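Can you read through this structure? Questions will come right after.
Going in written order, the chains are labelled A, B, C and D, and every chain counts its residues from 1.
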Amino acid sequence: MSQVELSPAQAHDAENAHHDHPEWLAHHFDTPDQQNTSAKMGMWAFLGTEILMFGGLFCAYAIWRANHYDAFWIGHVYLSTAWGAINTVVLLISSFTMAWAVRAAQLNQRSLCVGLLALTFLGGCGFMVIKTIEYTGKFEHGLGPGIWYTAPAISKQLDAMAETAGTASHADAEAAPATEASGPAAAESANPVPGTSLPSSAAAPMGMVAPAPVAPVGHDMAAHSAHGHGEGHNYYAAHGHTTEDLVTARTFFSIYFGMTALHGLHVLVGMALILWVLLRARRGEFSAEFNTPVDLVGLYWHLVDLIWIFLFPLLYLI
Amino acid sequence: MSHSNEHAEHAAGHDHGEAHQHVVPLSLLSGILVLLLILTGLTVFTARELHFGEWNLVIAMIIACAKGTLVVLYFMHMRWEKMFNAIALITALIFVTLFISVSALDSFQYEDNINNYRAANPTRVPQAIISDAEVRAPELAAETGADHEAAPSTPAAPAKESHESGDGAAAPHAG
Amino acid sequence: MTTTQSSIDTIYGPDAEPNYLNAERGLWSWLTTLDHKRIGIMYLMGILGSFALGGFAAIMVRTEHLSSAATAAADQGTIMTPDTYNSMFTLHGAAMVFLFIIPGIPAALGNFILPVLLGAKDVAFPRLNLMSFYLWMGGAIFFVMALLMGGLDTGWTFYTPYSSGHSPFGGVVPAVFGAFVLGFSSILTAVNFLATMHTLRAPGMGWFEMPLFCWSLYATAVIQILATPVLAITLLLLIAERVLHVGIFDPALGGDPVLFQHFFWFYSHPAVYIMILPAMGVVSELIATYSHKEIFGYKFIAFSSLAIALLGFLVWGHHMFVSGQSALAGTIFSLITFTIAIPSAVKVFNWLATMYKGSIELTNGMLYGLSFIWVFSLGGLTGLPLATMVTDVHLHDTYFVVAHFHYVMVGGTVFAFLGGLHHWWPKMFGKMASRLGGFIAWVLIFGGFNLTFFPQFLMGSQGMPRRYWHYQPEFHVYHLISSIGAYIQLAGFITLAVVLLQSLIKGRKAAANPWGGTTLEWQTTSPPPHLNFDEANMPVAGNPYDYENIEHNADDDEYVRTRPQSTARSH
Amino acid sequence: MLNPTLHNSIGAVLANFGGRLVLPEAESNHASYYDGTFDFINYVTVFFFVAIIVVMVWFVWKYRRTAANDRAADVASHNTGLELAWSLPPLVIVVFMFYFGFSGYMKMTTIPANAYPIDVTGQKWKWTFTHPNGYTSGNLDVPADKPVVLNMHSNDVIHSMYIPVFRVKKDVVPGRYSKLWFIAENPTKNADAPLLEGDKLDSFVREKIAAEIVQELKQKDPESNPTASEDEINARLASMKPEKKKQYAVDHQLEVAAKNGHQLYCAEFCGQQHSVMLAKVIVHEPSWRAPKPVKGTPWQEGKKLFMINCSSCHRIDPSAPPNIYPDFSQGIMGATHTMADGSSVKVDENYLHESIVNPAAKVRQGPWGSNTLMPLLPLNPQQVNELVTFLKSPQKEPE
């Protein structure tokens, strides 16, 4: 928006051949201050829209968490706090280098600015690499969003809980008439996924902690005794009855993926923008007089950081 | 933290007709980073090691808000920005709060209604898989293991006021 | 558009004085233009195309009802299957709402006229402006794709779980994605206008020297920025729900369909004000200009726009009184809904007061302005029983609601849009449109409109549900009248199109100020030059409604200012 | 705030003043306060609309631009007193509207404890009403003068229960219960008429037999225009079993009641056949009890299931209006159908069975399009068999 005016309009170039109108100042602005103020104002308004966009997901999160705390607790156990915390640190540092890059641009420190932007870009790369590791682990364990949620891991976990709490699940299953009717046909289609095992710290990627059947504070262990056992969807098909928590653990992972994927998308967009200003900075387009693009990209990057600051405790530290 | 040197830098900018910009001193930026890292450690520590139940969320959110405020004020220069930009941000936050709180308020009001239904109709998950099938063609049904024939039913089940039993009217089907 | 360019040359001649239309030549110069006026014109063409598309669907819907009514058998003699009917009303709603009404006044008229009204050379971010136009095009293309992929039948509201798991139509995902893209177009336009109004006002133009159209666009921009992102995430979640079955809105997976309605209406109710606020701004300009009198209660009108914009966010739940929303939420929403009636009423009273002791000229623009008062009053007042919790129970989802929002939106937005189009047409193209032809079109459109929608109030309150392919025989007569009205409207719109096209080719050359307007756009030539104002003739801002020293020059049919306008409004 | 009695009396006065132009008949307890509120708002609306338009037209005429009036005579641009004067009174009026609406809504949502419960299932595209004793019907039978509560739930998408003459509407949302209550005021005409007997029954049965014969003849030769001979009718009537005749009497009663019943709609768009998701409300005498469900023959049970689950899309009565879905009025056994993939299938018992339990397995070619599947019905195996038994001979029970 504050790029050099490229319009083919010969007419307006002629009209605007002011000696005091710098090349980077768009034709419709009178002063650099006006241009910079406009740009920042537009950016902040846009950041407001970003906040509201994430607001929708935060709303879904808040309502589900309030209504199904147990399910969220079960789900979050499968997220790696360590990776989450490392990612937070990576983003914070890249945010710092970005802020420093803006300062460098303001002070005409061109090579420092380029270096800092490169570091920020690397920070973004690091974040995405870690996210990829986490995502891969989730998908491997059938903990993807929506149709990719087959949840053998969670069923096993609940199974373990059920065993410690007694064998109520079987009694329960027999008690439900619907189960008997659907049993044989569904059991036939049951297709246990071989190779998916109970998550343990050895088998799982870093931080896929094997949750010992530890109940969260105020968590009623017996409530989980009826979860039964089974594999993924077929668990439901085979048992006919289910509990709130299993279904909502599925929703937890949907919300988790929704939030982190939208955030990840913003990281990618931010990285592309950083690359863009990095190249322009290398060409020496910015100066103490004109550095609005660096400033704006910085604002965007900080917003990405800001959102992660909230996502981290909400998703990883329930 | 001292602001003296950035004022000098700032003044230098002005001579060239520079837009009104604020240069944040490096020491301030680094200080903020350190604070942010400490707060991150704190949030992990409180969540993992201390058990205050519901209050854990409150503590985590207070820390997150503190971190966010630091980022906005210093990294994003909000301290030195025009009033409009702050208003834009605050308005956005107010409307997010409004949106979440009113939706949540309503949701909590009718949640009992949903729970009663779920207690009385526990077979809703297969139902979902079949409804996928309706839209996404039969192969998806096979893939997800949904089995239409398995649907048991007593469609004419008497209406029980309490709906305590599971064999109620809503047997799985694709609607 | 090459032909457009050559016709521009034919119309204005190679030696016409330079204006934005002949400043650059060729298709490429249009597609890459950063001139807000050209972007406005491109928007205008796009939204008129969408209007035609939506109008076609509307005529199909009415023809279907006409055919059932004519054969007096709801089950026979219909011209389409229920699937076709369902996709027609959905197409009508979606195209009209997302492609036409929401961008209509802000993006087409606003884009063209806002910077000129402010005395600026362009909007703050011309590139962003072009980008938002292309986003709009992209969204429109997705809608066309949705049609090609089998259409959609969810209604424009996309209610879950029907849209997320049940509708067998292939066009749901592309259409939803199209609406998502259009949302971004809308957001970028709003960001642009906001920054423009903050930083690019002409020297001497304080906030209260802005024309009221600018105030209404400001309020609109606030809504667009605060509400549209929520729609964006809602639509993304809907796509995720349909494709991945994430289970947030689908009750079969533990989701909550009423939550979707909260999400949807958090945007879509404010969106109603995105549609109506700019229209109110246009009408303020029309009434003042053609009464040749300073607008009455400037600040009340300006602040009522902002009040409507903010209160508009607190009333979304009145769409959900019978939806399973709790009585508590319903009560809150109903109460706040009533308060929003007041700023709307204030505007109507102020317009009437502006006409009092004015010198009222019944131009075609003014006719649309007055029609707006008629239909908006009726539309607004029939909103009262819908905001009242108990009466809404019976009226919800009936033709009463259909009639109500058509009175507000067609009546409101379309009439103001057409009024604004007549008002600024000379400025846009430098040509005067035929007054008689325009009058005939107005008679047909206004008459046809009332004939179409008034019977719908009656049948709705008698219990005719909306979105019904079949209906009970007792409603035949209403549907018959309604469909006849629709055809009269169609004739009116065709007449109008002919009149406007004819004016481009054969129209009399427009003077700089043909209507006696006092806002800044009338200080420049018609059509304006590339940067809106000549260097020699930079705009002078002052009281935007100072009609005292404007004299009519009968020889040129032009108004000229005899003394400089007062520097500030009179209070 | 107004006390409820006063509110009611205002409502009653307003409701009776000048008649009711645009509302349907009032048939439930909710109608009185509903109509009062509606009329109050109506009069306010008409008053303001007329006032605005009269003033507008008058101004346009009086202050039209002429040579003498070529500039505004008055340049007052604001008057705060006036602004407040026209802002505050409307505010007071709308507060009243809110109060009427609120108090009415509270009445509409406060369900009496002793209400007669009816379980309502909404499903694409039919309503099922189940009474506490297990009596199930596709129409809503309610006793007059007693509070009735509908416990509603949906098996698929959002539907909306709408009975205009009762002034009630409530969305039926999947995954939860929603409730609606009312007291129906006037019994439907002939809803509880005594069963036909003697000559009247005979003449009704004769009509039915005549239609049956005509149809049979037409099935043999579609081109012909047959009439049923008196002898044939008499013969069949004579050989008819008494239980069968009794069944005709019951059918007749239901037919008459449904014809006179109030219209019930689905008001929330629910897909292709949204506009035929209709039912009738039949109001019975206050002493009415839901009939005990009696188990009939498999064919009769199948017919019941068909009427509840299938009849909104598939026609069996040749005099009923046709629609786009497969038509069973001429019977289907033995027919050869073309499938969506071009193959053809001969209709037999297995095919019928499969089509019910797995609608996606073989989809018939037709105007409904290849992507519209018949919904899966909530039937148990026994019910499926009963339905197949019925479908094998939908016109008449095999002897």
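Here is the rule we go by: a residue touches a chain if its C-beta (ideal position, glycine included) is under 8 Å from a C-beta of that chain, and two chains touch if they have at least 3 such contacts.
Because the structure is predicted, anything quoted here is derived from the model rather than measured.
A.B. asks: Which pair wins on C-beta contacts, A-C or A-B?
C.D. replies: The comparison resolves to A-B.
A.B. asks: Averaging over Cα atoms per chain, report the distance between chain C and chain D in Å.
C.D. replies: Once rounded, the distance between the two centres reads 37 Å.
A.B. asks: Once you find the CA centre of chain A and the CA centre of chain B, what distance in Å lies between them?
C.D. replies: 11
A.B. asks: Report the inter-centroid distance (CA atoms only) between chain B and chain C in whole Å.
C.D. replies: From the centre of chain B to the centre of chain C is 34 Å.
A.B. asks: Two or more other chains in contact with one residue: find those residues in chain B.
C.D. replies: In chain B, residues 84, 91-92, 95, 99, 103, 107, 110, 113-114, 118, 124-125, 127, 131-132, 134, 149, 151-152, 171, 175 touch at least two other chains, as defined above.
A.B. asks: Quick one: which residues in chain D touch 2 or more of the other chains?
C.D. replies: Residue numbers touching two or more other chains: 124, 156-157, 175-176, 178, 373, 380.
A.B. asks: List, in ascending order, every residue of chain A touching at least 2 other chains.
C.D. replies: Touching at least two other chains: 37, 41, 45, 48-49, 51-52, 55-56, 59, 63, 147, 181, 244, 247.
A.B. asks: Quick one: which chain pairs are touching?
C.D. replies: In this structure, the chains touch in these pairs: A-B, A-C, B-C, B-D, C-D.
A.B. asks: Would you pull the chain C residues touching chain A in the complex into a rising list?
C.D. replies: Result: residues 18, 23-24, 29, 32-35, 120-128, 187, 190-192, 194-196, 198-200, 225-230, 232-234, 236-237, 240-241, 243-248, 253-256, 259, 263, 530-531, 535 of chain C touch chain A.
A.B. asks: Please name which positions on chain B make contact with chain C in the complex.
C.D. replies: Residue positions touching the partner: 84, 91-92, 95, 98-99, 102-103, 105-107, 109-110, 113-114, 124-125, 127-128, 131-132, 134-135, 175.
A.B. asks: Can you name the residues of chain A that touch chain B in the complex?
C.D. replies: 31-33, 35-37, 40-41, 44-45, 47-49, 51-52, 55-56, 58-59, 62-63, 66-67, 81, 85, 88-89, 92-93, 95-96, 98-100, 103, 106-107, 147, 176-178, 181-182, 185-186, 188-191, 217-218, 232-234, 236-237, 240-242, 244, 247, 288-289, 291-292, 295, 298-299, 302-303, 305-306, 309-310, 312-314, 317-318
A.B. asks: Would you mind writing out the residues of chain C in touch with chain B in their complex?
C.D. replies: Per the stated touch rule, the residues are 161, 165-168, 198, 226, 230, 242, 245, 247, 250-254, 256, 258-259, 262-263, 266, 313-314, 317, 324-329, 332.
A.B. asks: Mind listing the chain D positions that touch chain B in their complex?
C.D. replies: 117-119, 121, 123-124, 128, 130-134, 136, 151, 153-157, 175-178, 293, 305, 308-309, 357-361, 373, 375-380, 383
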